[in-house]
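Working notes, beginning with the structure itself.
Per-chain residue numbering starts at 1, and chain names A, B, C and D are given in the order in which the chains are listed.
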């Protein structure tokens, strides 16, 4: 089994704050992490390798400092890591990113055929969920998104059965390798690596591929030039002109406040009174 | 000066933690009746991790822990032991500024 | 085959980084282990970095170290509930070519420092907690980490794992900290635009101010509050002895809030955005609290060895110095082909005694006890001073001679002549 | 002097960043909505999007097209007719056995074929697992841009281009994205973000039937089974009329019961802000906000929630928002309808008691 896992280094968006006075993003001290969704993909790939043997290759497209994410992936047990970095790639949207990644995976596959490609279901900084499907389309891989569980996998028959999350239930899908899987969150837990993997990762040389090495033959399809979408503006939401109407609380007991609140609610939404009473009766 | 006790949870929300779920790094081996001396932990823990349960037992919610060691030192000083270790590598509080 | 190194350094803070850098530069094979996600992610400091000891390790550190501002002004404030009396020392002399003190942000600084250590040839592994020491009889032969297959061997282990020194404690090399030997400090990072900070503190670009404040703000506990200016943020914190926190059952975050609400402090923070709340212990026991810092196959440096001069707020420079001296001791023994046993490693302690580290700690060896037994320094005096200033500066028709008498009376009433003289003597003796 | 009328080269790239659309893309007209029809049911987000698509189409002066895919002798015809009620002018339908259950390949093939044949300028899909899967494949196949999880759509009349606004940086900021020089412009929108239009049963649809040239043998992936969710206790936040939620201001997990108590008296759903999920006080399916559920209740009571942007975008659709917070400067008071500056721990129980008393009286009146 040769599994390629695509990861992305992202800012830990939970740590991003907007300055209340200046309304600007405060980027200081926002650490970069492996996109949390990608860790579910990585763990699933590592578990399959542990079970069936083979190799896990981790790739990422990003600036040179993204090698930290790859080193971390190696410490979790990935066998090989390749950083795709080139000025041509800068400013890529999801369409352009899937072009670069799929070119690189095709190149990797020339050395050792790729059986499966894993990605997270989406990134936390873009949330577009298009890169995985994009790679599948470009490489002609069978596409399995939002996978909750791999139910069966037979590498010799090249057959796979998965549970795929759908609205209101789970689809049981069967398909053939090679395939692309985007893993749903919460499906597994990334392992706590052994000391030998920590040493291996600390000493590893991370391979770095530019556009040429990654097999990107049409520079116009990556980077800003190959990105149909353009971010026109980034802004903090403007406060509504009319602020909330205060319900007087000073010197009032909680009971008085509650009754005043209910009065204004029912005044604003008279239908609620009977609807709520009806629901109480029904329930 | 009058000041209401601030909600420490709101302060902790500014911080970055990677919680090692299911592996608390601080524990109390046997049910520990919160003696008056130990009850001080409820107040002096800078992350507000400790509370006293209705049955009088001391209980810790360690998600916001700073790994500072205050509770271990104070408990030891009054002759009681708290099993206190650092979280596994990479887990726990991760300071952005420190 | 387990991994083997000449030396293992536990903890990538100032002490561990200094030790690993010194070792690596001398060609010693060294592994630096850090339990945080990256060096600095578990570390908290005010933080002031003193240039001289850093310069001894990295002469050109000013080229790329993440330095915030160099200090041009030091304010020491005595606070009562509504006022402060203070001294300011500001000098353009501090705007020298190679400034002496900088504010830093530890998470960034330690990460930078560790990169230098790696560049010098040390192997850095993060996210790995050392749980105990590997021993052969009494001799330390390596460390055990929390990872599978985590035994790593070395000729010598330098413990630079910080104030709690858990590794040494577990291995019976050090006792538990005492609540009256250690302070608990809480701290917030308040972000403000660079220009606002410069305007508010009356400083230029890159210039910084340090405010240390003591007084009734700590509610009778022995401790100080502080504000340090960083480039786009203020480090705002307050710390008191753990024993005082325990005795008074004060919530540290309430204390910090009260400090922030003080009329002299609040305007400095107005409109800021808090991005982190941190807490950490600071060893304050001084000379008498320094444990045994060497033994068969091991050395101890930095906060783990309680090397902190609390009066002068010096910790990280002592950490760097002790880390460096520990490493130099190892290098010298290795060069001479001597084994890393306790007898040979005792050279480390001798060298510390000859350095400013132990000289300074010895000078103030009685101070912690004196201050601890004499809370009037943080209770009565600030009030008296503020009251005196109020009397003196208020123009209210009372003649100046009467004002002087009033002030003297207030001191005698507040602290009696005997008390005043005694305090002066006690303080003088403790710091002589 | 540059000739303003000279057409820009019809190729992507730096030169293609001008405002003028290449000639061959000007043929793309109309706003399309992909109608999500699964196991005989239409996902409500599709109707919400037809309502939104109607507004965009009216601005542009074009038609709204509804794409309905499904198996023969199924509900395709009926759903196409229903699409008109919500505002569609024309339905593009394909009936084929390979479209019985959702699978990426046949649905991608069907939708891209329709787009290439009939050339819509805008294509909207629901940000459901189905919609996101399909949108990603279709956008790559068409080599066009896709903006996911939009909270607002608008038309820049000067360029006839769609301005898609969506939260970014973990939901603390918004950004507006355009797809330049590529058509169609694709966007996904989460359920309950757009308003559900009032259906007009008198409206008629024009049906354009299309053929999909694909047989089951052409498709590798097979659907073996569908296991419906059985969990009865599942949160139905998205469609609840009344929602009560708590935040960190409640102080501790033990106080969250106050939220549940009030919800129970009101027959409401309960939920919480993101930090509560992170802290494990509530499960992820009860998280309200951009990264959780978007809600559009008639009444939303938020207790101890400060109201970060990520929470705001998930709740702004509520008719009445009552916010309880000790901090008078909390951002939630900027978008709430009513502000109660006070401690949720005392006001929540008082509300529970008062609602119970008054609704009880109401019920007595109703029973007479």
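The working rule: contacts are C-beta pairs under 8 Å (C-beta built on N, C-alpha and C of every residue); 3 or more make two chains touch, one makes a residue touch a chain.
Please read these numbers as outputs of a predicted model, since none were measured by experiment.
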*Chain closest to the middle, measuring from C-alpha centroids that were averaged per chain*: A
*asked:* Count the C-beta contact pairs for A-C and for A-B, then tell me which is higher.
replied: A-C
*At what distance in angstrom does the C-alpha mean of subunit D lie from that of subunit B?*
42
*Return the distance between the CA-based centres of subunit C and subunit D, expressed in whole Å.*
53
*Using mean C-alpha positions as chain centres, tell me how far subunit A is from subunit B in Å, no decimals.*
33
*Would you give the residues of subunit C that are in contact with at least 2 other chains, written as numbers and ranges?*
37, 105, 107-108, 127-128, 145, 147, 189, 233, 275-276
*So which bits of subunit A are touching at least two other chains?*
14, 17, 29, 31, 192
*Residue list for subunit B, restricted to those that touch at least two other chains*: 88-89, 94, 96-97
_Each pair of chains that touches, named by its two labels_ = A-B, A-C, A-D, B-C, B-D
*Touching subunit D in the complex: which residues of subunit B?*
7, 9-10, 13, 51, 63
*For the complex, which residues does subunit B have touching subunit A?*
16, 88-89, 94, 96-97
*What does subunit D use to touch subunit A in their complex?*
11-14, 17, 36, 38, 43, 101-105, 108, 128-130, 132-133, 135-137, 139-141, 143-149, 163, 166, 168-182, 220-229, 241-242, 265-267, 278, 284, 298-299, 309, 312-313, 319-323, 332-342, 346-347, 349-351, 353-355, 358-360, 362-363, 366
_In the complex, subunit D residues that touch subunit B_ = 248-249, 251-252, 275, 279-280, 306
*How about subunit A: which of its residues touch subunit C in the complex?*
17, 19-22, 26, 28-29, 31, 75, 192-196, 198-199, 202-203
